[in-house]
Each structure stands twice: as structure tokens, then as C-alpha cells.
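So, here come the structures, one by one.
Each of the next two complexes has chain A plus one other chain: chain B in the first, chain C in the second.
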Partner chain A sequence: MTAPSALDAPPAVRPARGRGTSPRANLMRIGLGAAALLGIAVVWELYKWLGPSDGLVIGEARLLPRTSDLAMPHIPDMLTRLFEPVTRADGSPPLWLEVANAAAVTLGIAAVGWLLGLIVGLALSLVMVRWRLAESSLMPWIVLSQTVPLIAFAPVVRSWGSRIEIGAFEWQDWMSVALIASYLAFFPIAIGALRGLQSPTAMHNDLMKSYAAGWWATLIKLRLPASVPYLLPALRLGAANAVVGAIVAEVSTGLRGGIGRMIVQYAGQASGDPAKSWGPIFGAIILGLLAAGSVALIGGGLRNYRRAEVSA
Partner chain B sequence: MTHSRRRSLVVGAGLLTSALILSGCSTSGDDSGGGDGGSDDLTPVSLQLQWLPQGQFAGYYAALDQGFFEEEGLDVEIIPSGGDIVPQDALVAGDVDYAIAWVPKALGSIEAGANITDIAQIFQRSGTLQVAWADSGIETVADFEGKRIGSWGFGNEWEIFAAMAAEGLDSTSVEIITQDFNMNAFLEGDIDAAQAMTYNEYAQLLESTDPDTGELYQPEDFSVIDYNEAGGAMLQDAIWADTERLESDEEYQETTVAFLKAVIKGWAYAASDPEAAADITINEGSGWGLTHELWMVNETNKLIWPSDNGIGIIDEEAWNSTVEGALSATNESGASLITEEPPSTAYTNEWIQMAHDELEGDDIDLTGADFEPIEVELTEGGE
Partner chain C sequence: MTLHNPSVKSVQTTDAVVATGVSKVFDAAGVTALDGVDLVVRAGEFVSLIGPSGCGKSTLLRLIADLDEPSGGTLQIFGKSAKQARIDQDYGIAFQQAGLLPWRTVAANIELPLELHGFPKAQRADRSRELLDLVGLSDFGQRYPDELSGGMQQRIAIARALAEKPNLLLMDEPFGALDEMTRERMQTELTRICAETGAAVVFVTHSIPEAVFLSDRVVVMSPRPGRIETVVPMALGPAHERGDQIREDPTFFSMVTAVREALHQGAPARGTDNR
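What follows is the complex of A and B.
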């Protein structure tokens, strides 16, 4: 496969990464995070102040953006816009609330997509680790599946979905979006899980054989625990993919209520109200962080198996 | 580990079978489209729009909100599109019963094999403008040559090329720049003349602040080319139906007439009370501010009313000039939209005429002879 050779080394030989758990180390990490955010804001404003007003264009390609208020609104403008009402209509909620609601909808859909991707990804990896023939016949298709462009795929999913009606169950539009999200999420999970399940060396396997352990016992006692360090980064990648997939699929299928559609809607208003269109973009960023953070919580539950984590 | 070849073959066959069973399930239930909806004795109908809910579609949403569809015995589901759902494709695929699409785009699909029919020409006029700065020297289509011309693509560009073809201009000399959802590329100077719909993007310009004066841009700041006057205008929002079902499915024929009657009532409602219609589309989640939405409904009304032949009737002359434009236009890379005349099934006034006849006794002005647009004052950001 395409993974670097370092991944093939058994995880046990590498020392655990230093993870500060003392309150002081935690404070330090939060402080560093905040400083990085502030740094980005300072760079943004500095560039806006000092950068070339027409940006930098070499040939046809724009390397640096314009510094106008249309292209790069001031940070304080974008932040204060979040606390102003969405429109001037009576009872219009503040922008941040509208963004938060939309983000919650998308997060829910992405979570369903991620779960689906997890189930499919794990199932595929188990089948592939059980039968070598399955690995060599399935793997090309799994890789190929990711080359299908989403914009070609999304309308087909919705079209098929709209015809599904089994008894009382009727396909909802959000399910198409969740399905597309899972389509992006299952790939890193399947690859990561397979690599993890295959990570025990011949020596480990031989030991299990000498205990007369069957395939299932080997799976549960040896392969599954060994796969955790590979699986966790894959789950995180899967979560990020699910969020991106949900946002893109919302745009392409026209699903209402989510952050993807809000980005398109407010982009249409960016000429008259440039700061407004950044609201849902911030929402999408926080959404991604939340998704990755939730996976970190799962990692906490599996702490005993995380002897070393392998970057996926 | 034992790798049993036979067992894997069995599993493979099992997987294949279950996949087939699953795909078999998914294609059941074909013509109902909108699902059973749950209401008694109403015929489920689905309508595919070509964009998000907004004032451009006020008449359909008004018909839904005011119960006009229900009066006609229909349970209508309006399906918005985010851009990747092409209405005429959804119609051909049987996902929906009716679709809203521009005539030139649908003509392209028809030549590619789509069997669909224009059953009501809701917009009687084109709403497309090409907007340049007042001091740019671009006053007519003749000034386009060698310029950077903006368009959204996806078939929205054909009026530009039809207008250029009508003037005998060389369309390969223009650089077509794909426009975004907003007018920033034009305001920042990346585009010399940008495409703008009267009901949306033109308003976006007038809602934006001129950084030099700190005030909103005024109409005098722009040089506006209207394709209705400059030539090249094509018919836009029309209701499309499945040709085959229209010919053979009696139930569909009845539904079509009932559907058109309700749509006419909806647009009449939007004309008489644009404020209420704008409220309806805002409640449907258009996401625009109040003044922008009201502007959109009002400008859309102007494209529909007055309708000399009666709302929805396809004017043969306008149809022919759209076809002519589509035949003559070649884009910047020399490709043309269609190469031969569309079949006679491409449009019919049969059903819209029936709807008119059935509405004759009612108190509805089918031509909009008394239609008066309102004045909408735009505000910053359209809020």
C-alpha cells in the first residue's frame, strides 16, 4: 500500500508520546492554542494593513488576496457581526445563534455519517484481514471509490434515495447527506483498521497459535487491541471527512437547515454585507474541531491500548 | 490464519446477492415521486426548482402557503436545488413530476435525448442584465469583444453569445469569467461586465457600499445592458413536464391542469400582495433580508406581468427567437448549444390553455392588465 514503511514497525517498540496530564501542562496547552489564534488574527490584520491593496497575482494565478474590506473584512467587524441580528426583521436572532443552530444540524448528520462509515469501514477491514482474496479483490475498489467526484455522486444518491420507501420508512433528504458523508468517512477507517489488524508480527501470531487460539480468539485478544493506535487517527480523519462530506453534500443536494447551505446563502450576500458571510465559515471551523475533539474523547476511553499512536 | 478460497467465494457470492436485493428495493415505487404525504385523497406532486427558495419562486410557494394546491386536490412538495441537482435531469429520471428550468438549458437537454415539454412559460421576459461600470466604455453588446465577461456558467451564458451572434461579433474574443454567488469579482475589477439578474444580483450591487463615497452604489454608477433590448434574450423560468406521461397518462394530464391552475393563482397572489409573498419565501428559508426579498418578488412580478397572451402561454415568436438564438450562438470555445430545431413536443399551450379556460369564471386577471409594480427602496446588505 501507500503507507510509509515506518508504519510497518510494531507499535510497541516506540515510546508513548509525552502527554502532560498535570493541570499546569493543560494550562500551557490552552495558552498556546489561544496564542496561535491571536497570532493568526494579528497576521490577518497586519497583512490587511501592509499588504499590496491589489494582492499578488503572478500570471493568471492569485497568490495573495486583495486587502479590501470585501475580500478581507476586519476581524472586529466579523466578530461584532456575529452578535448582530441576522436581518433587520423583527425577532431576528443574532447571527451566532443562527450559525450555531445550523452547525448543530450538520454535526448531527455528520455524526450519523461517521457512525455508518465506522461500521462499514470496520466490517470491510475484518473481511479483508480474514481472507487474503478479499483484500486483493476489495482494496482496488475501495481506493477507486474515493476517486468518484462528489458533485457527480451527490445527485445520484439523492435520486435513488427519493425512491426508497419500505413500509412506514421513507427516505429523508438528510439521509442522502449522511450517506455521502459516510462515503468519505469509511475510507480512512477501513485502511487504518486493516493496517492495525495486520500489525501483529509473525512472532505474536505464533504465540497465539502455540496457545491453540482460534481465529476469533486471536482477533479479540491480539488483533483488535493492536489495531487501536492505528484506528484512532483514522477515526479522527474519518470525522473530519464526514464533516467536509456533510457540508459539501448539503450544498449539492440543497438540503435546508445545515451550515453548508448557509455558507452558500450568505456568500450571495457578501457584496452588501461582507462580514456576514464569514459567520458560517467560523461555524464550519468550530464544527470540524468539535468532531475531531469528540473522537479524542473516544481515545480517552481506550487509553490502555494507546501505547503509541501512528499518524494515518 | 487459514485462507479458504472456497469460503471466500461463497462470501463473495453472498455479498453480491445482498447488493442486488438492496438495489432491487431501492428502485421500487416509481411514479409517486413525492411520497404518500399522509393527507387524504390528495394527489402527491413534486416540483423541482433550479435554486434555493427565494422570491424568484414566490408564486409556487404562495400557492402552497395559501392552500391553492390543496384546493385543486394536490399535495405538492417543492424541492429546492443547491446547484448540482439539474431540474430537467431530475424530471427525466422520474424523481419529480414537474421542474422549473430555463428554456435554453432545457433545449440543450432535449437535444441530448430528454423527453420533456414546456407546459407553461411563467417568465414572459428575460431577467438577465450585463452590468459594467458607467465609465468603462461598455455601452452595448458590440463593446464586449476582447473584454472579460462574467457569467455563472451552467448554461446561463447563452444569452451573451446569442446577443453577440446577432451582432455578428466574434465570441471567441471574449474571456468568460465564471462568477461567484456574489458580485465581489465585478466590484473588485476582475470582470469588465458581469451577469446580473434584475431580481437578484443587480440589487446586490445597489446594496453594496461604494468605498470611495461611503454611500450605497447608485444606478448611475453602472452601465446596464438589458438583453430584452440588446437582443439575445431567451425565455427563462418555465414549467416542464414529462412528454411521455403527458401523452398517455390521463391522471397526469388532469394533475397537470390542476397544478397549473394553482400556480396561476399563486402568481396572481404574488402580484397583488408582494409583501405577503416575500414573507412566505422568507419563511421558507430564503435567507435574504426583507428589502432584498421584496425587491426580488417585485422584479420577478415584472417579468411575468403584464402577460399579454395570458400567464404561462408560450408566445410563438419569443419561443422561435429563443430557438434561433440557441442555434446561432457559439460559445468562447466554438461549441454551440443545439444543432437542430427541437421536436414539436418541446412546448405546448394545450394544458395552460385548459387551465385558463377553467379559471375563466373566477375573479383572476389572467393577463395582469392592471398590474402595477411597487417601489422598493434597497438598504445596505438588503436587510
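What follows is the complex of A and C.
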């Protein structure tokens, strides 16, 4: 009796993830995404057309925005503005190029911050997995760290950083921004990694013990692979946080060249050129999507680690 | 390191498990899970532990596997301490859930213990092919666990337990989560595998027919505190020479009755769950 019979025929082979990966399902997803974007644009224009021109103010609070061209430029205006020169000066590049350059600078800084957050987050989660005492003593501080307002914190980091000078190494202003970005990025990564590393069941731990496997062997063969499904969303959250952190830190430390500074600068010119100030805002949105999307690419390479565990 | 242990012959003459006055108290709950258990499992012998929930049969298995430590008494596995036996990989273990690692292929799951103990790659691949043949799943080595049925996963878990040619196989209700038909097929298969490997087996189960069909001796346990009520020897010939036809044999039914009566002797009077 060796041949597997119909009794224990395997279930039909299905894709590792529940969500469809067929071309049709992909098309559907892209279509829905585009429809959502279009929907927002339609709501914007409808409100601008029908809404009260002075908005809705009750007491001191403005509940609905003004519909003037200054407050809410037409969407086609915002888009065409992207392809016009930044200033009226000769040889001025188109706005979209200027925005893209600034976004690239911020993306670079955010990536450094994300990487730093990844290292710190993983290290913290490993320490907490290794020693139960570390978990109960570190966790409150990790949660507390996220309640410190970034705006208050950024100038302090910058002024501390400016005093660092070790040999040929001199602290750069962008490093302060990357550090603040990592401060936001490490949190979801530490929490996600901890949950993932603790996800193996008691039975799996017993099994590793029965193999007389040590802590490191158990970490590498069991805990790390098991943490992947928890780690990937955490990394994506961390990437989005790093971008937000980088933009806010650029504003509050006054770093030039990035998109954060550009948002503030163009907002100052909004009275003369309202559509222009929306350029860097679009840039920031695309930046966040790009950052989260690159993490999704990592997930594609780790598909086998995301197979749902099935019990007998 | 090699899979072919020259000392196997001498090991075979030693008893697989010798438990003397073993007890286990869970301090946190203040529960006496086992009290004064004496048990000898000879090399190559198939012994089932049966009893109502809370009789400590799984606890006893975990003590033998050195996943927990006894509170009292001594436990020897092939003449060594339980801890040494675990470190020397003298036993293989299978649980109620197959517990395969979902990110590894079936072959890589079987090779996991070999990988952890530093066997070279070629030797690992040979061994997993052998074992896939043994459990009748040769074509499934490159599949992933989620592509297999529950019965197939459990067979892979048994193959994994056999990876290092242990002389002792510990099984904690390995067929408990399977449907009745698959379960009977797995039992027949297990007797064949045991015949081929010659390993001693300690098998925890809730099912009387399963215990009778598989075992040389059935150890009947009772709860609160967990202890051995009686040991019923099975007069059905050597366990590994049995086939499916024995399930229809009158002796089989009389053995089922014998175990059932032994189970019910102490239990109903204490108003415990007996099935």
C-alpha cells in the first residue's frame, strides 16, 4: 500500500495568496484604483461648482473650505501647471522636473531613514524575543517614543547633530532628517517583527527542542521565516512613515533641496500662483506610493514565506 | 556524521524506555499530572498509552521526549538520561498536528532535522527520497505543505520523525485530526513502516481500536492523579506483522473488549469522562 489513492488526493493547487493574481484580477484592481482617483476629482470639481464661495463657517470654525480659485484651483489647472516653467525667468525648467528632483532627494533621505529604522526595529525585536524581561521593560518606552511630537523633537536633533564631529566625519543636516525619518519608521517594524518572531506555535518550538536546536538555529530556521508575513506589512508601514518623517523633518529643520521645503516655499507663493503649490503635494503623494510600492516588490521575492499555514 | 550508526546493534538490546516511579506536578496549577509511573518499553516494541483526558498520557510522552522534566522518579532512554537521548537524537517525534513548515517544500521539511545536524546536502536529498518512498509520496517532494491533504501532511510528519533513523518513535495522537477512513489507512501504513524500521514506538491515543490494532501492549491510564491502571498485552501476534484483515478477527474484538473493560474499571466510579 504505497500509491496515494483518491482518499488523500491533494486539494487543487491554488495560488499561494488568496487574492487573485490572474491578469483579469489585476486589470480589475487597476481599474478600481483609477475609478477611485477619478471619483475624488469629480467630488472636488462638484464641490467647487456647487459649494458656497465663502465656505461654511460656524462660530470660529470653518467646516467647509472656500471654493475660490485661490483655495481650490481647478484640477486641469493644477495638472497643466506641472508642465509650465517654474518661474518666468529664462531657461527655467518645467515644474514637474523641479518637483521630481526634490522628490528624489527626499526619497533618498527617507530610504536611509527606513534602512536605519529596519536595523533598529529588528535589533529591538530580537532583544525582546530573546529576553522576556527586555520585552516588558522596553515596550513601554517604544510606545512612549511615538508620542513625542516630531515638530518639537526635530530642531533638537539638528542642534545635537551639528555638534558631532569625529575626525573627518562631520554631521550633515540631511542626516538629522534621516534620523528623524528612522524614528518614525522603526516603530511599526519593531512591533511587526516582534509579533512575527513570536508567531511559531508551541508545537513548532517543541519540535525544534526535540532536534536539540539552539536559540540561533531556531531563530534562523523557524522564527525568521515565520516572521515574514508579519514583517512585510510592517516594512510597508515603515516606508510610508519614513517618507512622512522625512518631509516633516525637512520642514522643521529647514533643509533645502527636498520636497518638504518646497511645499512650504510654494505655499508662500500661492496667492500669486495657486496651482503651483499643488505640484509638490502631488509629488509627496507619489513619493509615498513609490516607497510603499518598492517594499511590495520585496514581498514578491518572498512569496513562499507567505504561504498560509495549513493544519492537518 | 553518518546515518548508519555502528552502535545500533548494541543499542537494540537495551530497553527503549525505562520509567521508574515517575511523577509530574505542575506547580503553577498545583495539578499532579503523573504519580508513580513504572513502565518498560522494550526495543522494537509498540506500546500505546490510552486513557481519558487528563490521565497524563501526553505528559508521559513529553517527559520521555525531554520536552518537560519529571518532578520525581527516574527515566532512562536506551540506558541514558532523557536529555542525553534528546541531544543524541535517539527518538523521532510526531504530534497531532503535522506541524510542517509552510515555507519549505515537502522534501525540505523532511530534511529539516538533518539540516540542523549538519548532514551534507547529497546525503539529505538521498534520505528524503528514501523516506518519501517509504510513506508513498515520492512524487510530492517539491510540493508545498498547503498543496497536500491532511493525511498526506501527517505522513510527511512521520517521514520527518524517521529522518535520522531513530530507534524510538514518539507519537502524540498523530491521527487524531484525520477522518476515520484515512485514519485506518494510516494505521496500516504505520505497522508497515514500523516493520521496515524496527523502531520501538510509544503511541498516545484516544481510540481503543487504534490502540489494539497497532500495539504489542496497551497501557491503560486513569486520571487525577495520572497513573497506570493496567497493562493489557495484545494476543494478536507481533504488531508489525498485522494486516487490515485483523480488524475483522474475533480476537481483535475480544482485545477491544479487554481494553474497554480495563478503561472502565476505575473510571466510572470516579465519574470521569470515559470514551
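Everything below uses one rule, namely that the second predicted complex is superposed on the first by the 287 of 312 C-alpha atoms of A that agree within 3 Å, B and C clash if a C-alpha of one lies under 4 Å from a C-alpha of the other, contacts with A are read in each partner's own complex, and residues count from 1 in each chain.
Just so we're on the same page, contacts are C-beta pairs under 8 Å (C-beta built on N, C-alpha and C of every residue); 3 or more make two chains touch, one makes a residue touch a chain.
Computed from a predicted structure; not experimentally measured.
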Comparing chain B and chain C in the superposed model, the one touching more of chain A is B
Thinking of the overlay built on chain A, is A:S252 touched by chain B (first), by chain C (second), by both, or by neither? first
Applying the touch criterion given at the start, work out whether A:L133 contacts chain B, chain C, both or neither, answering first, second, both or neither. first
Just chain B (first), just chain C (second), both, or neither: which does A:K276 touch? first
Output check: A:E165 vs chain B and chain C. Expected answer is one of first, second, both, neither. What do you get? first
For A:Y266, is the partner it touches chain B (first), chain C (second), both, or none of the two (neither)? first
For A:I119, is the partner it touches chain B (first), chain C (second), both, or none of the two (neither)? neither
Chain A contacts chain C in the complex at 1-4, 7-11, 13, 16, 201, 203-204, 206-207, 209-213, 217, 221-222, 225-226, 228, 304-305, 307-312
Taking the complex as given, what residues does chain B use to touch chain A? 1-5, 7-8, 11-12, 25-30, 33, 35-36, 52-53, 79-86, 89-90, 93, 95, 180-184, 187-188, 200, 204-205, 207-209, 211, 282, 285, 287-290, 292, 379-383
Any idea which chain A residues touch chain B in the complex? 66, 68-71, 87-89, 127, 130-134, 137, 151, 154-155, 158-166, 170, 205, 215, 218, 250-257, 260-262, 264-274, 276-277
Residue numbers of chain C touching chain A in their complex, please. 62, 65-67, 86-87, 89, 91, 93, 95-99, 101-103, 112-113, 115-117, 133, 136-137, 140, 143-154, 157, 177-178, 181-182, 185, 188-189, 192
